[in-house]
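Both complexes below contain subunit A, partnered by subunit B and then by subunit C.
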Partner chain A sequence: MAHSGPMTDWRKAKLPVIAFLAPATVIYTLFMIYPLLDSIRLSFYATPSGGDTAFVGLDNYRTILADPDWSATFWNSFWNNMKFFAVHMLIQNPIGIALAGILSLPQLRFRNTYRTMMIMPTMLSVVIVGFIWQLILSPVWGVGADLLDIVGLKSLFGPWLGKEGSALITLSFISVWQWVGIPLMLIYAALLAIPDDLVDAAIVDGATHFEVFIHIKLPLVLPTVAMVSILTFVGNFNAFDLIYAVKGALAGPNFSTDIMGTLFYRTFFGYQLQLGNPHLGATVASLMFLIILAGVLFYLFAIQRRLARYQL
Partner chain B sequence: MSNKVLAKGLAGALAASVALVPLMASAGELVIESWRNDDIDIWNDKIIPAFNKEHPDIKVSFKPTPPTEYNASVNAKLAGGTAGDLITCRPFDASLELYKQGNLAPLDDLKGMDNFSDVAKSAWQTDDGSVTFCLPMASVIHGFIYNKEAFEEVGVEVPKTREEFYAALDKIKEEGSYIPMAMGTADQWEAATMGFQNIGPNYWNGEAGRKALIDGSAKFTDAPYVDTFKELASWKNYLPDGYEAISYPDAQNLFSLGRAAVYPAGSWDISLFNNQADFEFGAFPPPPAAGADTCYISDHTDIALGLNAGSKNAAEAKLFLEWMTGSEFAELYSNALPGFFSLSNHKVAVTDPVASEFVSWRQKCESTIRNSYQILSRGTPNLENDLWNLSAQVINGTLTPTDAAGAAEAGLAKWYAPHQ
Partner chain C sequence: MNFANIRREDASRAVIVHAILLTYTLVALYPIFLVVINAFKTRKGIFKDPMGLPNADTFSLEGFTKVLAKSNFELFFYNSFTVTIVTIVIVLLLAAMAAWALSEYKFPGNTVLALYLAIGIMVPIRLGSVSILNLVVDMGLVNTLTALVLVYVAQGLPLAIFILTEFMHQIPKDLKEAARCDGVGEFKIFFAIILPLIRPAVATVAVFTMIPIWNDLWFPLILAPGDGKQTITLGVQQFIGQYVTDWNAVLASLSLAIIPILILYLIFSRQLIRGLTSGAVK
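== the complex of A and B ==
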């Protein structure tokens, strides 16, 4: 214990530093990096029926991207994924920001109650959320039609989860309902960190609360908004559970709710009579990884560097 | 201190489990691998004791794995040489692959194998039919279950022909107090399995049509298939509002709550309805066209039992399989699980009235299996998955019957030589 203390130099501290970093590094490498690299390796191999597994280079990628059967399915799931992401960006995050802004108003009462209620859905299991919303929207038992009837809009009700045109959007809204608590909490925390004197000064200068929010608070939390966006992007392109819970791995009707996660599942594990193909599945997974990587790099280089940060 | 206690406990548990392993797999004990964990009581309380009456010296234990893990776990166990002696067989390609890898023993010379028809064996044979590698156990039959009280109330008879069937549905719809037919397309598979494969055999003449598709002499664009899709398209008039978002459990509940008159069924639905419906219900086979002299039913081979080629107890295992070919097993199994029917040719007295109605169709009608299961679902795009999607779309009205038939044929033509 004689060596510990503020005066210890780097050479003496080396051992403890390594000792403290090692568990995380080893576990992360073993459970995250190694499987990732190994699944990329898997995507370069193929097992022809009755033959042995052999290295095929980029053949699997060619199949997924160029073979008309696979590429149509792949791009369909990609665009569905983009729509899924767009709904989250355009609806979930603005609502999250707005709710956080309202929650941080100084004269708001029952603040904690609202906050708890808004974060609630996030804590539910996806399977339960899927089940509850299927029940609410069910044309047979659902309260959805009755609720619309109260406001006189029953004619607008339809089997939204079963129609090609509306199934994906409906599922996106369900997902938004569940996850809106995350941007809300992150942005709310960032808003709380803004010193009161900035807001007070603006109020003294005659700004309304709305103006304070737009001109003072929002620019200050913009880095958090950017971080929320990238989390949304990664989360959406990895999404699978809600679609699988509500629509199954065949993501009907007519693959209108098929996203890359469900396509990966069908390809890797197989479905009903379709036998699984681990190599093509790993190829889909690697493509998902590349798409997410491209998005994150775009964010790092094109957006994050340009964000103005203020020392508060 | 508590850590030490925990460690001792763990070590003890480990030692105990290691000590138990040799006991569990003692020589001469037959182990059955299965995915039917729902059936464990039936095996332990009924089937195995019945077998032990004849062979008291052979110990048998039933070791199920959850259905979703079964294929992966049995493959791994077979590869590692730790699998049980008797392997429950999935139909067609999954088991064929096990046979090709040398994991399942051929069973052609098993005594009693001639108690099974060719259709029954087809799911567990090589493509040319020369080797059978699993003993067929049970099938499920498709048809329609109907609410007897609803039929009486509306005043319709059990339909014998297609024309009578739709006249009855029209009448029920007009009368208005019952949903004519309880089904939805949200889960897609009911549209194909309870729809297309249920009514289709009457159009494509059962086995003849199924085999013609395999050898390429018939195509999905031929009249029987287009007509099946056409009949399916007419179902949307009889389904509940918003059927596009109605799932399989929704449809089951609609029927068992007495809100619907007809339910396109698989025979496995019987036990659920026995438990939940408080009205009398009956069943009728998919009605053929007026004047047709033969009716066809989908009597789909679902489950079989094979012999692990590496089994150390092969002689005892064969005795068990031979016993399974007899009438005692057929009767036990069919009655313990109403809706799962023994595939043997023995005349089985099924006590459940609806199940016995289902199985009686085997005498009146010709049996066939789902046409997408043998060989045709090996390639990409997968025919079975295609049929789910297309049948659901036909009922939803987003695809015409002709286009659906064309899409199914186009999918098959992409990889299957006889259709190119």
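== the complex of A and C ==
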């Protein structure tokens, strides 16, 4: 984007410039930047029972990562979160790309209607979506089994959300169902920006629309695919609502659906007999911050730089 | 290859394409449809014929009556509306002011400040929850809508400033120069000339700000979980937790949460999608 930089020298308008910038900067700093930094600070402190809050260095991190009571829970939620992310990358984003590709075919009728309908689940609250699927998959109601019966797969139906082995995967698919709209929209927008002549030339040369998509369009929208991937990563490692709505803070059965967000909530607020601990909570949040930061830096330096941006 | 062949190929291709699109549309919509139709049935109807539309035998509004009697849905809606609308207005105004300053005036630290304000696009505000709760407790704002508005404004500002800065770079120079030559003050230039000009970008910003706020469970759960200050998302979550075995009530409460959003979405989907795909105008 080639827009010119700021034009007017601020010395002619010091007061207006400060007045324009101050309110946003103050609220943003107070409620976003300060809490993020203060959470990291709190993770280096602890309040022993009956004692005063004191600096403890990296003790909280040692507790979460190495203490037998905590480390198994932490790594369980970390790997569950990785699986949750993997399902989104392997299922949600390819489906989103494929649907965006089909929707951007020339002369497609009802294009806007399809698009409007397909992203409808994305507009709903994660909590509502969680409950909708909980009902549909409930063996008590039996609708899930009936629906599978239509395609002749009734024998496959089981209480997926209730079983340790399948609950996390099922929740990942529910999340995919809801969020397909994001890659769909972003990649569709990128596909629309590709000039027609590029595609027309290939079609005249005898290429099929599928070949055009794979060899011309997809390489051109790779930067958007990378951006969608990092958005997916940040969103997944920050997820909480779906698991909490369907499984509660304990993320059962037997913590098999526990992810970083639910672990953070439990550590911070406590559950059942365990008391909440703001300092350990801040430690879990800081570890989440490090994971997200690592993902974002990887994207900025290893991926985004290597992807050629074509000037269209 | 003659034309008849091409046409037949095109026709069969169109059939396959529409079959795929229709299948996915069904996958996306049927679960929502199923919940809404069953909310209008008797308990017997829900279990005997879950996939049928409500008919004379099975039609019933008992679920809705129960929800409206046992919970405070009107209040939760009012809370969600208030929080969302107030937040959007504040975000739009403050973000437009900041974006205008960043795009119009040359001052030391301009780029650094723009980057600083962009951090929040990538870093989720939830990670600061421990300190946000401390802050809200210190300010005496626990269980108030004000606490939610403040946090959501901070959450919405980064992306709003980013989008509006991009947008303001496109405002023609002549317009501002003409105003300055006429001796119009800097405040007046912004409020009388620039602010009305950003109307096309307002839809985009409003969508990106609104949806995450309306749907959020985390901050209502942490900052305003009781005292009649619940938002609709939290209200539904609490209600269903309590009445989990009452299928009529559960289905009705879900429908009450879904239907307004669906109606709003269908009315505004055009602007909304234009907002989401902005930058790819064709």
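By our rule, the second predicted complex is superposed on the first by the 287 of 312 C-alpha atoms of A that agree within 3 Å, B and C clash if a C-alpha of one lies under 4 Å from a C-alpha of the other, contacts with A are read in each partner's own complex, and residues count from 1 in each chain.
Operating definition for what follows: contacts are C-beta pairs under 8 Å (C-beta built on N, C-alpha and C of every residue); 3 or more make two chains touch, one makes a residue touch a chain.
If you're wondering where the values come from, they're calculated on a predicted model, not measured in any experiment.
More subunit A residues lie in contact with C than with the other chain of the pair subunit B and subunit C. Of the two partner chains, subunit C is the only one that A:116 touches; subunit B does not reach it.
When both complexes are overlaid on chain A, the residue A:45 reaches neither subunit B nor subunit C.
Using the contact criterion defined above for the overlaid structures, shared-chain residue A:173 touches neither subunit B nor subunit C, since it reaches no partner.
In the superposition on chain A, A:185 makes contact with subunit C only, not with subunit B. Of the two partner chains placed by the overlay, only subunit C lies in contact with A:25; subunit B stays clear of it. When the two structures are aligned on the shared chain, A:255 is found in touch with subunit B, with no touch to subunit C. By the touch criterion defined above, A:272 lies against subunit B but remains apart from subunit C after alignment on the C-alpha atoms of chain A. By the touch criterion stated above, A:163 is placed in contact with subunit B alone, subunit C being left untouched. In the superposition on chain A, the residues of subunit A touched by subunit B in one structure and by subunit C in the other are 141. For subunit C in complex with subunit A, the touching residues are 13, 17-18, 20-21, 24-25, 27-29, 31-32, 34-35, 46-47, 50-51, 94-95, 97-98, 100-107, 110, 113, 116-117, 119-120, 122-135, 150-151, 153-155, 157-158, 161, 166, 169-170, 173, 176, 185-187, 190, 211, 214-218, 221-222, 233, 236-237, 240, 247, 250-251, 254, 257-258, 261-262, 265-266, 269-270, 273, 276-280, 282. On the subunit A side of its complex with subunit C, the touching residues are 1, 3-10, 13, 16-17, 19-21, 23-25, 27-28, 30-36, 38-39, 42, 95, 99, 102-103, 105, 108-110, 112, 114-121, 123-128, 131-133, 135-136, 141-143, 146, 177, 180, 185-186, 188-190, 192-193, 209, 230, 234, 238, 240-241, 244-245, 261, 264, 268-269, 278, 281-282, 285-286, 288-289, 292-293, 296. Those residues of subunit B whose C-beta lies close enough to touch subunit A in the complex are 92-94, 97, 100, 184-189, 240-247, 250, 253-254, 372-373, 377, 380-385, 388-389, 392-393, 396, 398-399, 414. Residues 50, 69-70, 134, 137-141, 158-164, 247-248, 250, 252-255, 271-275 of subunit A touch subunit B in their complex.
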